[in-house]
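Just so it is clear, A, B, C and D label the chains in written order, and each chain counts residues from 1 on its own.
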Amino acid sequence: MEGAHPSVMERLMQTNLESTPGYTADDYCDRARTLIKKACGCPDAEVHFLVGGTQTNAVAVSSVLKPYEGVLAADTGHINWHEAGAIEATGHKVLGLPHEYGKLQASAVEMYMSDFLADESHEHMVCPGMVYISHPTEYGTLYSLEELKALSDTCRKYSLPLYMDGARLGYGLAAPGSDVSLDKIASLCDMFYIGGTKVGALFGEALVVTRTVTVRQMVTHIKRQGALLAKGRLLGLQFGTLFSDGMYIEISRNAIRMAGLLTEGLRSRGYEFLTPPQTNQIFVILDNSTLERLREHATFSIWQRLPESRTAVRFVTSWATREEDVRALIALL
Amino acid sequence: MEGAHPSVMERLMQTNLESTPGYTADDYCDRARTLIKKACGCPDAEVHFLVGGTQTNAVAVSSVLKPYEGVLAADTGHINWHEAGAIEATGHKVLGLPHEYGKLQASAVEMYMSDFLADESHEHMVCPGMVYISHPTEYGTLYSLEELKALSDTCRKYSLPLYMDGARLGYGLAAPGSDVSLDKIASLCDMFYIGGTKVGALFGEALVVTRTVTVRQMVTHIKRQGALLAKGRLLGLQFGTLFSDGMYIEISRNAIRMAGLLTEGLRSRGYEFLTPPQTNQIFVILDNSTLERLREHATFSIWQRLPESRTAVRFVTSWATREEDVRALIALL
Amino acid sequence: MEGAHPSVMERLMQTNLESTPGYTADDYCDRARTLIKKACGCPDAEVHFLVGGTQTNAVAVSSVLKPYEGVLAADTGHINWHEAGAIEATGHKVLGLPHEYGKLQASAVEMYMSDFLADESHEHMVCPGMVYISHPTEYGTLYSLEELKALSDTCRKYSLPLYMDGARLGYGLAAPGSDVSLDKIASLCDMFYIGGTKVGALFGEALVVTRTVTVRQMVTHIKRQGALLAKGRLLGLQFGTLFSDGMYIEISRNAIRMAGLLTEGLRSRGYEFLTPPQTNQIFVILDNSTLERLREHATFSIWQRLPESRTAVRFVTSWATREEDVRALIALL
Amino acid sequence: MEGAHPSVMERLMQTNLESTPGYTADDYCDRARTLIKKACGCPDAEVHFLVGGTQTNAVAVSSVLKPYEGVLAADTGHINWHEAGAIEATGHKVLGLPHEYGKLQASAVEMYMSDFLADESHEHMVCPGMVYISHPTEYGTLYSLEELKALSDTCRKYSLPLYMDGARLGYGLAAPGSDVSLDKIASLCDMFYIGGTKVGALFGEALVVTRTVTVRQMVTHIKRQGALLAKGRLLGLQFGTLFSDGMYIEISRNAIRMAGLLTEGLRSRGYEFLTPPQTNQIFVILDNSTLERLREHATFSIWQRLPESRTAVRFVTSWATREEDVRALIALL
């Protein structure tokens, strides 16, 4: 809900009147690419900068799939639910699978693929062509390294590129209990994007292709999707700033700390949670009278209506969340 | 698995060397349109002839939906499962809903729509733009008139055109217990197609638009989908034959009789069914050793693997099924 | 405007009540594939059977192109003009090039490609991904072997698969002056289709992929386009008949003879032609009063309005054209 | 090549840490909408904010066209040439028409439509569904009010919505000789966009729908195209600034003045121009040796290779162009 981290804004101001080539072909973008590849331990990767998450997902998925292929995802995956059919707009089906708190397990992919291949009429069905996951998930949960490895193994067994939507990746990397680091992601996934919009940038996502999957002519592909930013350096400047001096993870830690404070405060007051709090999204269960009272003082998302006049609501912290606001919210509850 | 009903073939032979305009603009097509509109009690309908079911569904759905809209269907709907993503190829999402033996109930649509409209972020979700049902369903079941009325009412409440896939419609109309007739379908649905391919024709489906929904330039729309048959009179000749002298329902009755014979034979031998047999598709549960033995003598589809080494298989009868073959199958079992 | 050649109809009648697997997976299709591959001198080719020309073009083009690629074609190409945007419906641009009487010359492709690659902003342009030609063309003209070789060389120089639309291929192969045979086509093109609809079949086109280009999962791809015929054997039976005993070319010869008769008759009476008559499409220039008089007696297409109250009209002969009708037409003129 | 006008940057800095709703649903966007509608004299218009030109064109065109329709445009139109097939990606054909220095005249539309409607096979052709123009054009030229009125009349005669791509609209409005004002555009076009990216913003285009054409659910439609900016207020803030105190036209005037200076300087030195200089794009013809010499000192686009070792190059001025740089360029030449 805020703009960008002050360091990002400062960088944009400093460089505002410089003249550079457009369309992410400038030196600032090149420098940011180098920093990101280094952070991922993946010097051979390709890095493309895009403006928002939905367009990044549509670009990534359609760059990999053949026309007759679809993408496997948890039923709850963002691409299956909250992106207005942007994947289908590129002609591809999202094949929804069962999930655990938003996570797609290797076993679900294994079961789908073995059933699919055993099905006598599978030539009449959409052919699974890649796997989509979100980390953190839409429920704020995180894959463990073991889960991610198992998923990557299953994907490679079936020649399915594994793609990670990292809209909130910083908050996953900064979570204290997580053993999934950027270099692990780069070695286990074939494509992923590092979210900027929700982690300190005005806008922007960095799509990393680890070269285990072949994509070609990505600039043209991105342009065709209407996703090539004219003043592309804005993306390079922002990611260059976020990936200098560990800033991307550093500012994410604030969100984790504030979410921890909120979780603890609510738990001690007896509130229950819809999913185990792990990152910066907290799904707390309120009775509806509390919810109505709260509406006047705070902004949050209604997530799910529950039986017995209760509702799960979502609170989201960020790099910009202030402790005083969290304390005020706890006091209200 | 056979060709066409002998009367259909005879008609094609008789007229083979006549010269007529192409692309369904000939007199045979016009006559067939008139017969179909009369059978539907719907003189103002538009009737378009297409070659196959998947293309008819893609044409129908994409003629109604706005780009940002999707189609509600039972999870088990043919368009969601066995048409290789033909709907998504036109840019639209199939929104799968819970079903009862393949049927989509009004309550499921009602619940989806009320949840959708109540969802604060529904502008970020695919907007439901029509409802798809199959009658008979993919499980061989039939909507009752009451169920169809309820569904139609709910669709009209939410301004959702109701579209019926009638790939096997003849077998539904000929089923003794069914109270859903062609004119009821025409008054409760906005579009539907009358299947020829599976009911006596070499190929062909008749798409009926009841004018409660506006579609325009359908010839161009059909051409663009690669679905406009050059020698269109072949469709007019076939449907003209099938809709003369009540032949469409008459030949369907054979399939129902043969399916009844099979059901009765199997039931009396203690076999169980996956879904209640109502039309020409019979889903019988076999133990796997029986299944293997049967494979050598009969053609059928494996439908679903079940616990305890059992499998649901599908037998399908048609206008061409012979009693001796059914009796032989029963004897084998 | 007629149905099928009597031998084709007879074959359909003979086999009508046989039971075979669907979707072109039957023995009749396999036999027809073998015959076609033999006729093309290309034993390693893949052969797929489809119903009509527009859908075959859309299937072929979209099976080869990456999302960001387009297809080069003569401005007058069928895909660019008379297929209602079926290629664009699959997301690809048709890049129109100058033509000579409907033919695309190697030099036009060479010029486009060298300009394209030299253009500083070509990453912002649709990337040419294949070349489409028609033989015979929409103007009834034919490529010489030399022209086809030059085109093929240029395509291979730029890694552009060459695809030939052979809707009227029989009439090209049967033309006396033509040095382009089926095996030359198979060695110079990467994909092409052999038209059945206009050359003796009720419907049907045989798409030949010569394995110099990789396409995968074609059955699923065809199904997704709504182009997989349920009773696929109808296609195998028709092509099996047409490719037995040289029938495909034999019946085409009649069209060529009748076109020759018409051309000669008109030329001797002083009529002029819009394009040099080579195959079964004759584009004759009439003054408008003659045209109006003729309308009452014959069926033809208005092709192009010309200056000085004249009009080019198209007459088309076929395997079914009778000499008496041609003589009557000449007499009328 | 620069960032944004300093006033725009200042506004972004001032508001950076404010909390607002996302997705252009904030008060800054509302205020900017009000200012734009006022400037257009069109209080009933809808205004949507998007990030870039290609995506705005794709969103606008696909919001209006039926699936079987295409968009008429000058052959040289940006959507037909330099947007990587983004329109075709939405399933629609761009129908290229002859132009005069980049302008599409009413007579060209009239001729296409009357030929189309007279064509016996027009149901097999892409149906024209709207008209696209750019103002200023890709050649830097401007429609006169008379030309625009004639075009609008022809469009209305054929029920074709008229859409104007205003990527460089400010430079057209600020051109001294132009009689086309914002309110004239709003009364003669059905949709148009006011370009921000090239006229003082970091990025952003304002799509104005004048309610003479019906578009629905535009937020969902935009989201589906991946074009809905999460921190939408950035667009509202930028357009709010540009449309306060006449700033949009005021800063455009600098580009026009600088272009005038350049034109005059070159003309007096005997240089010729490819198209008559009217706005901020100057197409000057250089001999190739001059061009090579210049490359070391200045940035420009190669536009077109010409006979006799000459080349047309494009110089573009903007709100940010400095007089000293223009003078230096003239001196170099």
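In the analysis below, a contact is a pair of C-beta atoms (placed from the backbone, for glycine too) under 8 Å apart; a residue touches a chain by one contact, two chains touch by 3 or more.
Since the model is a prediction, treat every value here as computed from it, not as a measurement.
Distance from the centre of subunit D peaks at B, each centre being the average of the chain's Cα atoms.
Interface comparison, B-C versus B-D: the pair with the greater number of contacting C-beta pairs is B-C.
Computed from the mean C-alpha positions, the centre of subunit B lies at a distance of 34 Å from the centre of subunit C. Separation between the centroids of subunit B and subunit D, computed from CA atoms only, is 48 Å.
Each of the following residues of subunit C touches two or more other chains: 67-68, 83-85, 89-91, 123-126, 220-221, 223-224, 228. Per the touch definition, subunit D reaches subunit A in the complex via residues 1-4, 6, 9, 12-13, 15-22, 51-59, 83-86, 89-90, 197-198, 202-203, 220-221, 223-231, 234, 299, 320. Residues of subunit A touching subunit B in their complex: 67-68, 70, 81-85, 88-89, 91-94, 96, 120-121, 123-126, 301-302. Within the complex formed with subunit A, the residues of subunit C that make contact are 23, 62-63, 66-68, 90-91, 123-127, 216-217, 219-221, 223-224, 228.
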